[in-house]
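Working notes, structure below.
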Amino acid sequence: MSDALFEILRKVTSATVTTMLLNKGIRRCWMNGPKPLVPRGERIVGRAFTLRFVPVREDVATTESWGNPVSTRAAIEEMPAGVVAVADAMGVSSAGIFGDILCARMKKRNVAALVTDGVVRDRAGVLTSALPVWCAGIAAPASVNGLTFVGWQQPIGCGGCAVFPDDVIVADDDGAVVIPRALVEFVAHQGAEHELYESWVFSEVENGVKLPGLYPPNDEAKARYAAWRKTKS
Amino acid sequence: MSDALFEILRKVTSATVTTMLLNKGIRRCWMNGPKPLVPRGERIVGRAFTLRFVPVREDVATTESWGNPVSTRAAIEEMPAGVVAVADAMGVSSAGIFGDILCARMKKRNVAALVTDGVVRDRAGVLTSALPVWCAGIAAPASVNGLTFVGWQQPIGCGGCAVFPDDVIVADDDGAVVIPRALVEFVAHQGAEHELYESWVFSEVENGVKLPGLYPPNDEAKARYAAWRKTKS
Amino acid sequence: MSDALFEILRKVTSATVTTMLLNKGIRRCWMNGPKPLVPRGERIVGRAFTLRFVPVREDVATTESWGNPVSTRAAIEEMPAGVVAVADAMGVSSAGIFGDILCARMKKRNVAALVTDGVVRDRAGVLTSALPVWCAGIAAPASVNGLTFVGWQQPIGCGGCAVFPDDVIVADDDGAVVIPRALVEFVAHQGAEHELYESWVFSEVENGVKLPGLYPPNDEAKARYAAWRKTKS
Amino acid sequence: MSDALFEILRKVTSATVTTMLLNKGIRRCWMNGPKPLVPRGERIVGRAFTLRFVPVREDVATTESWGNPVSTRAAIEEMPAGVVAVADAMGVSSAGIFGDILCARMKKRNVAALVTDGVVRDRAGVLTSALPVWCAGIAAPASVNGLTFVGWQQPIGCGGCAVFPDDVIVADDDGAVVIPRALVEFVAHQGAEHELYESWVFSEVENGVKLPGLYPPNDEAKARYAAWRKTKS
Amino acid sequence: MSDALFEILRKVTSATVTTMLLNKGIRRCWMNGPKPLVPRGERIVGRAFTLRFVPVREDVATTESWGNPVSTRAAIEEMPAGVVAVADAMGVSSAGIFGDILCARMKKRNVAALVTDGVVRDRAGVLTSALPVWCAGIAAPASVNGLTFVGWQQPIGCGGCAVFPDDVIVADDDGAVVIPRALVEFVAHQGAEHELYESWVFSEVENGVKLPGLYPPNDEAKARYAAWRKTKS
Amino acid sequence: MSDALFEILRKVTSATVTTMLLNKGIRRCWMNGPKPLVPRGERIVGRAFTLRFVPVREDVATTESWGNPVSTRAAIEEMPAGVVAVADAMGVSSAGIFGDILCARMKKRNVAALVTDGVVRDRAGVLTSALPVWCAGIAAPASVNGLTFVGWQQPIGCGGCAVFPDDVIVADDDGAVVIPRALVEFVAHQGAEHELYESWVFSEVENGVKLPGLYPPNDEAKARYAAWRKTKS
């Protein structure tokens, strides 16, 4: 997975990624839950660095636990630059997994983004940290109020999807999708081609062409597209 | 249902429509799910053109099915100008029923708006298409990822409401309501009158009048309103 | 509960309030549901004035009931200046408990804010009223479409929290929290101190200090903070 | 509401009660949640004695609170013989509102039944107590684990229905319905008549008569029923 | 789809049917919702006869509507002997789609079973009718309380599955599955073979053989099974 | 944690366990989801052996994966005799984690019970296996239809509770509770004492004593109990 591949992926929408994966028989790749904290039109691509929470238990989920060897703080220090932190919060909406301070530290470490099916806390502070965040909302309480942190770089579930360490994440205004490692190259190249095709379809529609026969294309449309496509190579 | 009637309705809020229908014993008329993709203060009125999805089945919901005689593409070509497309997506939040291309085609055909209890995909592209959209959110995957399209202009459910072809839809920042055909005239005329009354109440409140006796009005308030009302005819 | 105490609380985030209460063993204090109608960065503090709804029943929840002695109108006239009205709508999302007129009257009476796990109606009009509102969304229908109003200043549930009359509410962009009366002084003073500490931690992180040892602090960090803290008193 | 009326109601199914109330425009009368702990074919009729819980708060929902003046224990001692206790537990499924001891005490006081949208604890012990119970299931934890008790004989919600003290409850294997006081006589008499009619329809179906024209009846069927009905008076 | 094929399917569990369909890439075939009203160990196989409901609307869902040309009564008279009626009730749990009388009529017409993601009413009467029923529970109110009937033999959703008229339904104590018409023969023959294999595995486990290497089988286990299998032909 | 301790716990109801843990500040110990497949009045006590699933992904959750080194089959072979297998299925209700064959193998290995917030498949076969099962229901599809198995003896969530390997599980007709290792001795001894006290309270209630003053006890009741208690030692 070279930087060049990621550069290509950065021009492929999460919508197109899902269509490419559907062609490979994969329907469960879009995480239902994470949304951009503020939709800004940006697209983030990076390897997944996974974080895992289980439900709160009052004897272990305490403010003291923040100093444990297995803690969100320790996990952050293990994150390589450029990764997308993906946190399995089991969709819990009443405890913010991270706030301004942890997001600021992740940003400092050049983490590319935070993606979670849970929520974050201190909305204003998180925006100040400038870390791109995809989450399911905001809550005031800290993670220990509703969650127990148990580790990193394990397989997780997030928004109904299985995510394994080093899968690739693409996140934009339509949410976040996971690409299995083995399919990243396929998705990047086919996806880029598909984007080109859809841009042509969109312009055809703008010109008044109707959809049946155009999308999916009949032979005549295929020929017209092929001619147009040639002008782009 | 003349254009003049629709012109009147365009000045009646969806909130007021629900109150008028409650007076006729109808409580189930506001669709719980569709919200404006971006609240803009606009109000759309039009006849319902219904679309129907059932859950995905892997042998029938394929990208190839987009070319079928019964397809979303074919349905769009059947939509008369001015209708509001209302899509029953059973509240499925993980598959976008339409994206930029289909919305652009609907806009070209002068469809007034899209209303659905499901979601759309390609948020940026849909906004570019300029089609007014009321939906339950955004997802990256295409409809075939989670839904099977089965037809149009049938009775449907949408956001917990029954919608029949040619019922009338009013949609604004408070969401979308359905008016049964037989009640459109009643709702338009009574609703317009009610808007006038509420504008008077609001100005009374601004002047410091307290609510008991004003809303609902006692005899004294009725008299004052009648006097004010006369100045408006 | 003096005004001075409220003044201190106005500088304590709802996030910090939940951490202070967790230190007292209280995890259920953040209401899961109410969100700012538009996030504006403001923070409201006030005594809770509770309102209570039960589900709709067609023989009692009528537009005529708005004139009853037990009605939302009557309740509003009982609200002292400065209170935060907290309405238990059982999370019902299909009937707006208040619209523009009632919100305008509350504003006139100097009610500080409306907080509810239900929704409001007439989004545009509520924004015009200038009453700060925390709610779970918007719906067109009136309260009587889905709710029956039964009284005020009783214990209620709101967003999964118990709220008693004269508890203190703090609401900001992270939502709304309830502080039990007996703990208001503790939360205000400890919370203010905690805000100071977190501001120092944030600046340390900005300077590149890593989190383990800093937050929670080890002895070295405690000493550095103590030195910095001294410069602030 | 005489005993004779209750005697009639004991022969009217909860299903028929809902149909009679629908004829009066009331659709919200069946509680969605309470089911017989064990379906036994029995039917209970009684005045509602309401109980009310709000969510847990750790400072007030304690085992010590069981000794408070406002406690479930105190409420039980206020229940007149023959009432149906209806408890608003907000559908909370993780804390049993009552266990064997409280049910045994209610049985001793000749309470007719317990109906709740919450759950009970100690399934075996509750069955031993012989108190008829309609609930939404079983949980091991006590009420204070998830709920705070706040009072009795107030209006409540239960399973999506409004219940007022002294409304009448009918509960059988189809669940529990609430009859507004003013409609009890109507429901009893019309309901008994409807049961007779349905028994005739059922026997007609058993004889091979098809449904269109029979249910609802056309003129011919009406005449045949009238003849049969006469033989029953 | 001959009777002989159905005879074979009657010995294939719904669990095995889902595994056979998974081998064909179909994961969405088990309906999440319908359960046997009373688990009895029986298995029903039949062609699907679909029924469709949309949400209630007070102007159309009335007790009078039971006499309409498009009504549940009319639909029942169209059902051929042996079919499985599959009703899309959108998972609505508060209105029973059928009660004792309609079930009795279906039984009279030799309908094989009723399968729905909704609920039935009059539990005792439905059991008396002897019609096998898979449903999501029981409610006292009639269909018109929460649903509007709109037609039959259309594509439907039921329990998250797409069901088309004349698909084949298999229902037993594990619930109900739908087999697309084109795959019925495959599922019947492969399923029967799979049942044989699993019976051998079960007996091996009873004899103390451990699972790795047995299920799925390694070469040694395959050989042993082949030998045993030969004794069964 | 000696066998003697487990013997004591076998006489303590899951309900009492939750009350003892509440006295230690732990409210999150009862799993919301697992119920006895058939309530039989039995109580199981054992150390937790945890299993973990994440959501399905079509490239990894295949029938072939059953032969992987990390598979449910391999996990079962690692279970020591007497443990309670606790499976985190994230509450997924549409894929049975285990069926007859795996349950039979667990029984052979003297596993005490299976507890899961998911469901099992092949109800009849699982009952035949005689393995005690607490689960959230039944589904026909296999685990790979909706889940990916990722490992064992890790911290998990189950029914909203955190469960760590070697915590102790108590399961009976009220469901399943988890006791943190450090509290097992406390819960066993205090719980046994509490059972004795509650048996006395129940007999008092049977004798007509009212609850206030008895439960919780006033001084007079404490004295009477102390006298009775002495006769039991």
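Note that the chains are named A, B, C, D, E and F in the order they appear, and that numbering of residues resets to 1 at the start of each chain.
Just so we're on the same page, a residue touches a chain if its C-beta (ideal position, glycine included) is under 8 Å from a C-beta of that chain, and two chains touch if they have at least 3 such contacts.
Just so it is clear, the model here is predicted, and its values are computed rather than measured.
Student: Tell me which chains count as touching both chain B and chain D.
Tutor: Shared contacts of chain B and chain D: C, E.
Student: Let me spell it out: compute each chain's centre from its C-alpha atoms, then which one is farthest from chain E's centre?
Tutor: It is C.
Student: Where chain D and chain E touch, do the two copies share over half of their residue numbers, giving same, or under half, giving different?
Tutor: Comparing the two copies, chain D and chain E contact each other through largely different residue numbers, since under half are shared.
Student: Match interface B-E to one of D-E, D-F or A-F, accepting only the pair for which over half of the contact pairs are the same residue numbers.
Tutor: A-F
Student: Provide the C-alpha centroid distance between chain E and chain F, rounded to the nearest whole angstrom.
Tutor: Going by mean C-alpha positions, chain E sits 32 Å from chain F.
Student: Nearest whole angstrom, what separates the Cα centre of chain C from the Cα centre of chain D?
Tutor: Whole-Å distance between the two chain centres: 36.
Student: Residues of chain D that touch two or more other chains: which are they?
Tutor: 25, 27, 29, 56, 160
Student: If you go through all the chains, which pairs of them touch?
Tutor: The set of touching chain pairs is A-B, A-C, A-F, B-C, B-E, C-D, D-E, D-F, E-F.
Student: If you look only at chain D, which of its residues touch chain E in the complex?
Tutor: 13-15, 17-19, 22-23, 27, 29-30, 32, 35, 39, 41, 160, 173-175, 177, 198, 201-202, 205-206, 208, 210-212, 215-216
Student: Which bits of chain D are touching chain F when the two form their complex?
Tutor: Where chain D meets chain F, its residues are 56, 63-64, 66-67, 71, 73-74, 76-77, 93-94, 96, 99-102, 104-105, 108, 121-125, 137-142, 144-146.
Student: Note which residues of chain D are touching chain C in the complex, please.
Tutor: 24-29, 54-61, 88, 90, 148, 150-151, 154-157, 160-163, 180, 182-183
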